[in-house]
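Before anything else, here is the set of structures, which you'll find just below.
You will see chain A twice below: alongside chain B first, and alongside chain C after that.
On to the complex of A and B.
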């Protein structure tokens, strides 16, 4: 009997598979592409080895002063020597655990909500989040818990950036939610006030707001009342953030299908029940990527505080650079380090935001 | 049945009536706001009296008494605070316009590069966007100013091109063009070329609508715009003179100087905003359905034409609103000039003038008004553009 025996399939031509195929497709698909590839590759070959050499190979990592540094390489000794200040400002060394504890609590509250059972998430996470900034501030300040008092002049460094940004966004959540509800309500006066508030805080440069906080705000309070500079800045950050968050929430409200409003109304739910139980969870879910993006913006903007003389991370670097023992021109190292720290934080948050977005897009289809 | 009917027809009680409630809440807010403003204003007045701060705008006409590093209009220490205000405003406008221009070009290039067939170009677009978007702008300003530009050589060993263009730590110098009387002819020629190019475009469109024949409008109008002024220049015997920057003592004199503060700020602003614009462009192009470019390809359009005729016009609908907000944030972020001492409105007015006069409220109010005006004009222009791009929609 004749059995049909198919010939074995021939292998794909070597030019179109494997590394060569990939390179032909992605690097040398036509003349112009090939030229561009060679140009970019040449540029990288010219700069990268020198860069790596300077950054890592010829760099000096440990030491006491700038004298040990190799002039041909990066002087990471500078960053090493000042790292405490970069992260904690001039906060007393023996009390650093208070800042660390606050950061840890913040992390636990934010990350922990994912592990709680669904029915406990709202009743536990929301109050925890809302109280966290105040507890954290009280802990770092120390007076309320009977610890040694540390004036805000000594606070600083990267931990200040993180805590201020977190404290601002958390407080701005309820505030911006109120503003956006006001903006969407059909009470004309409330609507106008909310629109003015939102547009004002979105339209004014944040630096102008900081100046208002440090120059004009003291004029607004009765004589004798002296509000700490950091608190004033916090107020400004909260208001600034609320303007942006209100717009994010508005987008979220528009994304919730009209049927949800109608269903809630036809069930006879009251306004607050409808808003808090039906709309808010959906709004937050839809708006999450944008909330994260706004937070990244706020986090980056905390460096602006340098200009009004608050010792956030960049300001500590600037002071370190002007220290008489470290005048060897370590600006590049310092800025690269700060940039790297911020980049890691912001990049991971934007990754998170885009993964949430992808998930949302899938669940909507 | 009749019972429920009666209940529905019954009016809600006075407290539960939504209209009464609305009035009540708004009254509450009005009273609250009224009290808030009353206490703020009375406190402020009392505080200002106690500190001896004057009120009103009369300070605008008094002498400022300080010099400004870079001015677009004549200005010296005897000028008034109002002139300071104008100088600052012009400097802010300058850096914003240059920044927006470069950021747009960079952003569009990098955004389109994301879709390149070349792996290296694709990756460099991603690396650019993800690096510069995620680093604080202020840090980038400092980086360019004190880590990059500070490494430039001193005036004596400037980098130079043909003894005419110099780059050193004090700034960027290039020759200044000085007009001779006949130069007016060249400007007239340029104006004629612009008008002719516009007419050409209209004529070419009409012809294409009628006959389907295409006309190389871009090359023709480029030739017009460059060629006509050039011919007139040569015919009128080059009615221009160049004033070269010359090293005198420790610094260059003559020519046009671009101060390093302006370079650093423009670089930082346009690279930072460019990353956001690239992201917007990428999102816009991705928002155009695949079917559009596939359909264009099956019609036999070239890849270049597909991008410029099919994809980009549709992507613009998504891109333009995002561009609007990016431009506005660029203008707002230009206030960071104050960190490196570029004399923008914020530096000279909220910085120096406020320190000297102490009139915080008037100065901050004027500054905020200017930024609002800038942003509103950007918003207005971009909304006009948006109308044009969205009209293409069916």
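On to the complex of A and C.
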């Protein structure tokens, strides 16, 4: 007689969804992973509570001088008191709107290129981008618009980093494109000049270039001719950036299939038609990730200007640290703040670049 | 080495020829004195939260502006790094360099520059923690010394200890911040650097009162304003603007009693302040050049106490920078 014997219930399957499943899959998938996970967790447990304690809990946020600061916590009073210097330098308070307006216009132009309908994008944003740095700098300088003149000695802080980077990137874009066309040209003189330019500015460390701009260059001008230091380093930044961008573009040119060149030639297009209408759009599409990475690099490079005494953000922090009323050793707070601000900017730039890449990939299909 | 000598020589030659322009006229036309300062050195040239410059070196810029233009705010401050400072002066970007620059023979003779005087006598000194109970550097036998690598302090230290037949262990650090951290954590008993730096480092300690700056000064670092060679008129103005501050202190004229001294003072006070004699005229300036300096900037003692002395966080003692009749080195030639 057959007796119904229920089988013993099987154990539930190992959970593969939810938090525990995710942890099992990613953190404890084998012995080595588990050990590393435990080690890192231990390290975090050892450092994190003290760090949070110092950063937030024992920190002092408001006050007038460093005397109110708790010595066991971060002294954000320091950052607070110097925040105007950190962002705007010594620019006159009543004229700050000029910097803000320039930054806003820059933002609008960049955002506009993303959101405008396709048929308006090129006729509006390309000229806007090309003229924006000059209009912005003229506005901050003030003389051209009949505003109060503010010498470059008063410019500084984070806004200087942003505007310098933007002005260099925008100018170096067309310049580097010309260099790379020259490099690929079959006219020997132009080709040689472009190769030398590109290789020089790529091969020499940017610090050496800055020193040349700030220390050597003035010696070669005639007595009484003084080109402003900021303009000198801006030119250095443009040239340095162009060297790098030219190589990025060259990579883009080489990635365009030879058939495209041949097709354009067989249609009887002129050199400039071929370059601007057939090749450039494809080159930019291919080179976009590298172009954006180079932008981020240049933006971070603007902090190197501190070693030649230009009051960009990092230099302003160092100046603040050497003020005799703030000699309490606030270096950690200051540098953390700079790091945080730059991280936010660079991170949002890379988010933006990945969204642009996605867009470009979609239109490829 | 050869190449750099030729380069420097060539540059000096070009500059010596080019530097005949009358700086005074340029400054008057511009209405501003362009003054090279540091990018931030506590008490000497420092920026505050509002972007205003102050400091002992900055006061020299202000004094020259007050003497020439009658307004101590007419100064364009050009922050310069140590490497740029001489080029900026040579190329005419600045009229005057007042940036804690040590007066040495080489700099004075081979760079096409002239030092207009000394506004701070600095020198290398020692800071010890009070715990070890040392009161003079001669008791430092066998000490561990914190020092910043690659500075002349390293060489001076070696010389000093060898001369006095003392032994020591040098512990070198790369930056001033690391040096301070090393001293604070007790890795060394002594920290050595320029005296003005020692006081700045001391404030940064957790307990400044635990550290003591020893009286010995083992090197000479006279700091002063610098001008281009070949423009004697401007050189005189800079030199005498500084002298006027020192002389005003010697004659007990300060910013509060200057008006009274001008009317009712002693003959030498009156000569300084321009109510007698023609000291200003001989410099190509107004008669009240020195009055403006004292009124707007103050005398040397006021400037010292306000920026680095007892009225400032640095609390540097006058020491070598006292007037000569108080045992210091500050001495002005008479204004006659």
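Rule of thumb we're sticking to: the second predicted complex is superposed on the first by the 309 of 365 C-alpha atoms of A that agree within 3 Å, B and C clash if a C-alpha of one lies under 4 Å from a C-alpha of the other, contacts with A are read in each partner's own complex, and residues count from 1 in each chain.
Assume contacts are C-beta pairs under 8 Å (C-beta built on N, C-alpha and C of every residue); 3 or more make two chains touch, one makes a residue touch a chain.
Model, not experiment: these values are computed from the prediction.
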item: Which of chain B and chain C A:307 touches, first, second, both or neither; value: both
item: First (chain B), second (chain C), both or neither touched by A:335; value: first
item: Touched partner set for A:96, first chain B, second chain C, both or neither; value: neither
item: Partner contacting more residues of chain A (chain B vs chain C); value: B
item: Touched partner set for A:84, first chain B, second chain C, both or neither; value: second
item: First (chain B), second (chain C), both or neither touched by A:124; value: neither
item: First (chain B), second (chain C), both or neither touched by A:204; value: first
item: Partner chain(s) touched by A:284 [first = chain B, second = chain C, both, neither]; value: neither
item: Contacts of A:356 with chain B and chain C, given as first, second, both or neither; value: neither
item: First, second, both or neither for A:105, with chain B first and chain C second; value: neither
item: Shared contact residues on chain A - chain B and chain C; value: 211, 215-216, 218-219, 221-223, 307, 318, 321, 329, 331
item: Of chain A, residues touching chain C in the complex; value: 71, 81-82, 84-85, 89-91, 151, 153-154, 211, 214-216, 218-219, 221-224, 226, 229, 307-309, 311, 315, 318-325, 327-329, 331
item: Chain A partner contacts - residues on chain C that touch it in the complex; value: 11, 14, 18-19, 21, 39-43, 46-51, 76-81, 83-84, 87-88, 90-93, 177, 180, 200, 203-204, 206, 307-308, 312-314
item: Interfacial residue positions of chain A with respect to chain B in the complex; value: 25-27, 29, 33, 36-37, 40-41, 186-190, 193, 203-208, 211-212, 215-216, 218-223, 296, 300-301, 303-304, 306-307, 314, 318, 321, 329, 331-332, 335, 338-339, 342-343, 346-347, 350
item: Residue numbers on chain B that touch chain A, as the complex places them; value: 22, 25-26, 29-30, 33, 39-40, 43-44, 46-48, 50, 117-121, 124, 130-131, 133-140, 142-143, 146-147, 150, 328, 331-333, 335-336, 338-339, 346, 350, 354, 360-361, 364, 367-368, 371-372, 375
